[in-house]
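This structure is in structure tokens; I'll ask about it shortly.
Letters A, B, C, D and E name the chains as they come in the text, with residue numbers starting at 1 for each one.
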Amino acid sequence: MALATFKGGIHPPDKKDIAKDRAIKEAKSPQRVVIPLSQHLGAPCKPIVSIGQEVKKGEVIGEPGGFVSAPVHSSVSGKVIAIAEFPNAMGRMVNSVVIENDGKEEWASLKDNPDYIKLSADELKEKVKAAGIVGMGGAAFPTLVKLSPPKEKPIDTIIINGAECEPYLTADYRLMIEKSGEIVEGLKILMRILGVNKGFIGIENNKPDAIEKMKDAAKNEPNIEVCGLEVKYPQGAEKMLISALTGREVPPRALPMDVRVVVQNVGTALAVYEAARYGKPLIERVVTVTGEGIKNAANLMVKIGTLISDIVEECGGFKDSAGKVVSGGPMMGFALSTLDVPVTKGTSGILVIPEEGVVHTDEFGPCIRCGRCIDICPMGLMPSMLSILSEKGHYEDTKEYNLFDCFECGSCAFVCPSKRPIVQLVRLAKSLTKP
Amino acid sequence: MSNSENKISYISLIKNGIFSENPIFRVALSLCPAVAVTSGVKNGFMMGIAVLFVQIMVNITVSVVRKFIHPKVRIPSYMFIIATWVTVTDLSMAAFVRDIYAQMGLYIKLIVAFAIILSRAELFASKQKITPSFFDGLGNGIGFLFALVIIGFFRELLGKGSLWGYPIVDTKPLLIMILPTGGFFAVGILMGLFNWIDMKFFGGGGASGGGH
Amino acid sequence: MEFGKLFELFIAAALINNFVFTRYLGLCIFFGVTKKMDTSIGMSITFTSVMVISAALNWVIYKFIMIPLGLGFLEIVIFIGVVAGFVQAADTIMKKVSPGLYYKLGIYLALITTNCIILAVPLLNVSEGYNFIESMFFGFGSGVGFSLAMIIMASIREKLELADVPKAFQGLPISFIITGLIALAFLGFSGLITL
Amino acid sequence: MKEMLKITASLVIIFVAAGLVMAVVFAKTAPIVKIKKEQEETAARKKMMPDADDIIEAGQWEPYGKKGKYFEGKKGEETTGYLISTYGKGYSSFINILVSVGKDMKVKGISILGHGETPGLGDEIEQDYFKKRFEGKSLEQLEVVKVEGTDKIQAISGATISSRAVTKGVSESVKLLKEKYSATEPAKEVKK
Amino acid sequence: MADVKKEHELIVTVSPHVRDEETTSRIMWTVNMALLPAFFMGFYFFGLKALFITALCIISSVLSEYFFQKAVNRKVTVNDGSSFLTGLLLGMNLPPSLWSFNPFTIHVPIIGSVIAVVITKQFFGGLGYNIFNPALIGRAFLLISFPKAMTIWTEPSAAFFALDAKTTATPLGILKEDGIAKLIEAFGDKLNLYAELFNGHRAGSIGETSVLALLIGAGFLLYKRYITWHIPISFLGTVAVLAWIFGGKNPETGKMLLFAGDPLIHLLSGGLMLGAFFMATDYVTCPSVRKGQIVFGIGCGALTMLIRIKGGYPEGVMFAILLMNCFAPLIDRSMKSDVFGAVKEKKK
């Protein structure tokens, strides 16, 4: 049988070898963390600490500011020294809490509850809520929201997204190798919360050992199926993954729950497990530090709020001069203008591209209508038209070409022989029109 | 237009008609004859003369009867006046310039639909005395004639290698110029040229367009 | 066989002797209306219907009134009067009977009155000596051909909105050149049918 | 009501005045048109048959379902030749041709009365060099070839179809004349 | 550590941060390469004049692009290879006799190139914006302007320096004028006819004759995915089917005989292969959505056969593609791609 996949997509060189075999290592505890109060999609948190206050590791420092929100915890023990606006990876200024690490690593509360699986769905949900878990696959959408579907939209399938289709990144891969049991447990918890008895774990076929491990971990779970996926970007995009595994297509502008599915990243599943079992809040995550421009590639368990400069330093610094540093993967990540920005719950990788590897995009040509972008757009859009219309200022007309269905995966810009900045033009049009 | 001024310079009326308000290159009205009858200078010229005649006569007639026509039936009356003069032209040409008429009879009849004539009648002659109306008609008519002759000049020279029917070279340098494509090209390129000259030397914008 | 002839007449009027691309008529409306696809489609529908009906009306009037009375020389005045009268009537009736349609197509009616194609069709019918059915087919073919021309042109001009045409050539000049190029392509149809 | 009257009155006056103008012009020009047309036609025939004093209509026929006529040219009592109008199916139009045929059933000359062929291509048939190619041809020679140096009709390059149409039209009319007149005139000519 | 401090020098660009290696100019130059086999066959059959004509077209195309871009202060983009390609294709589309026909015909290829590059392409905004295929407009313009020079064909011979080869008719010309029996007779037997058509030993435009060489180039482009099957296959398929249905003639009466045509002759002759693989596929002037391309291909095929069988001209590929170019924007706007999930949504 052909491997499960979707229509379109691209095959960028995967470059995962750089960091693939580096086991997850605890990063050095930084002297100081900068914890943004808005790390997720949705309303920012309200700070509940004040300057000078002593906090413990795992203590709540920001309370959710609405339904689509999640609390923020301290990732170190120490003293709050500032609450102010700091830049985040996207270059935006966000309200953040700065804590000086006292090095004691003192936990606020953490207790093992091996019988977590016996807890009721509501109790488990409460734990997820308290732990401040948000999606770790990139968009950082509060997990609790996904776990609270409206009554008229029942969920029957949960998918754990282990595709990790972005080139270079290996964080999810390492987790699946090293924490396969915990991830399966996390999935079981999610299934219990939603009362679902079908779970999938989808993994791209370029990670056979991860598939092996996960299959092994799930061998006693008849309701959980581990599936190999064709290696193709963006296999990990929610809609593509759902279509590949269940054959259901999420209609434009609809959500996975409209086809009775919830998708969670492997990191999220692990966080759910740890929250349910130990009550551990989401204060650290695996970050892949990789790229041709970094001295020692690594997969680090990093405390939220650690500055990227600290991590780069821990990995031996840049090889020569770094051309570009990207937070996230090469396809969707953000290029950093400064390294003094913190790791957040959604930071999956730090990619260092040496100067000679930088693609310059300021000089681009006209669209020659070669149709490549149309062929590969996983959403079935016409990126060529989106880019031309936006380039010429016809922003309103882009809607006729389904502007808002574009999830900015960057596949089109990747293949474009004229090197057109399609994603940038799409964003521009999105910012100047209303859906 | 210098409507509001008391004194109207007749020269400027004519100049406007030829250049800044050239019916074809600038105002872009009555485009069909610009392509249809310009495969030769002679046809273009005769068409231009016909239009010139109709335009002047219509302008004069309208100016004469302007007080008499009830405003509610203004447009139909003007149409009728135009149709009358076109019929007169048509019949006369059929009788006196038979060979040319054989080639462009249909287009002579269609002068009746040229918006340029109605628009001059409506915009100018219906408000002005006979003499300025005459000069307005003259200016516009000459502008029209001028455009047709220029287009015809290039098309005939390139397409047939002749001018006014007299051979200049003994080959047909670019046959296509007397076919529709050549006609459209000639008008398009000349229009672009007029725009370019206007923009370059007079600081104008581009041409407008549309109507009849 | 009769039908074959009519079909040829129709194809010839629509494609081979397309009014815009080979007879150079209706250009003002053609260039004026094709800036937008919607208006082109609206115009196409209105135009084709008016064309067929006016061809029929004028044929009847010519045959049964003008010829018997020896008024052939008044053809210009009468045809334009008939078209104007018909359009006026259609306007009034449509406003009453179908305001929705009127709202959509009414504006085009006004533009049609003095269009040169509308007048050329009855004139050509007379000079070619077509009978009633032939006149209708000729009118219909011409209308379809004109509509086709407008719709092609509108789609091209829409695409051209996004192109960097040299400033002096924007608007009408480049439209003329496009029309010339389409006319060049349409030469491919020439010689298909001998009329 | 008064306004209505006024409108009607003004319209009526314009209509009447304009009608008068047109009627007068028509009355003046119509006879001229008629006379000129006849003059032109006879002049054309005369030009094709300069040696005949009188050209009389001898019959009608229907090439391609269109109307054609043929004439006998007389000088006194003697027949000097024939004139026949015919059609040929060309590239985009039917070509109307007038053919002058001698008593020996050889073509004396042709003239193109009307056509709608492509300007520059098909309309070369109007040129003298092409029309001359028909002079002195017998029925057997009325065939189009695309090479030079035969006694047949050489096609205009780029307009073979139009050339062929004219030739076919001419040969058809010679055929017709032969049929009609070969009984009286033993027309079987010596071939070379 | 020192490196880390140099952070102000970090380059910030928008995602994605990796790009495919393909570039516009690489595509264009590769298509140029893919045309070389066919061009060399033309050179071999028609000799130096083939080379002269093509070189003249290429030079004048590139130069006119250069000077126009200079004149209107645009960025000069002649090295992207697209005007070179236009020139090459135009040259390959011209009859080899154009040169020897008359020493003064040197202006013919030049005029064609200027029309192609300046009017058809640059007036519309340059690469990517033109509506019509520049090389084909150039050719059509020349065909109408110089009908005689453009319809004189010469016999292929390997005589390199001969400037006045024997004139002859093209296979399609013979087929149209004299029928299939004459065509077979002219080539000996049917098998030989197919073979000669396939290897290109026949009269025709410089680059169109050798089907074999064209297929080699086209196969390469298909393999590199620079073109896809959609247009060529639907184009050729339609031609084959229509040739079979309508291409037959009753040898006695000359009337059309249904289902008796010879599709192979129609497929192998004329400019069909060159047109279907290299010209109908021009990205800029064909629809960009695949299903639109199939409609485009079918339209090209149908129009080609309409002109070949019923029209006044023996070959219809050029006009067919140009006519479909007119319709391409219409096809594009009415056949957009299927948005993910939207189809199923409708069915529901």
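Keep in mind that, in the parts below, a contact is a pair of C-beta atoms (placed from the backbone, for glycine too) under 8 Å apart; a residue touches a chain by one contact, two chains touch by 3 or more.
Only a predicted model underlies this, so the values are computations on that prediction, with no experimental measurement involved.
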Touching both chain C and chain E (chains): A, B, D
Remotest chain, chain A as reference, centres from CA atoms: D
Identity of the most central chain, Cα criterion: E
Separation of chain A from chain E, taking each centre as the mean of its C-alpha atoms, in whole Å: 48
Separation of mean Cα positions, chain D and chain C [Å, integer]: 32
Chain centre separation in whole Å, for chain E relative to chain B (CA means): 42
For chain B paired with chain C, centre-to-centre distance based on mean C-alpha positions, whole Å: 22
Where chain B touches two or more other chains, by residue: 76, 80, 83-84, 87, 91, 175-176, 179, 181, 185
Multi-partner residues of chain A (each touching 2 or more other chains): none
Touching two or more other chains - residues of chain E: 119, 125-126, 129, 141, 144, 147, 312
All touching chain pairs, where touch follows the definition stated at the start: A-C, A-E, B-C, B-D, B-E, C-D, C-E, D-E
Chain B residues touching chain C - in the complex, by the definition given at the top: 28-32, 34-36, 76, 79-80, 83-84, 86-87, 90-91, 106, 109-110, 112-115, 118, 176, 179-185, 187-189, 191-193, 195-196, 199, 206-212
Chain E to chain A touching residues, read off their complex: 1-4, 6-20, 22-24, 26-27, 77, 80, 125-129, 283-284, 286, 288-290, 293, 336-345
Complex contact set, residues of chain D against chain E: 91-92, 120-121, 157-161
Complex contacts: residues of chain E adjacent to chain B: 111, 119, 141, 144-147
Chain D - residues contacting chain B, complex: 3, 6-7, 10-11, 13-15, 18, 21-22, 25-26, 28-30, 32-33, 36, 40, 118-121
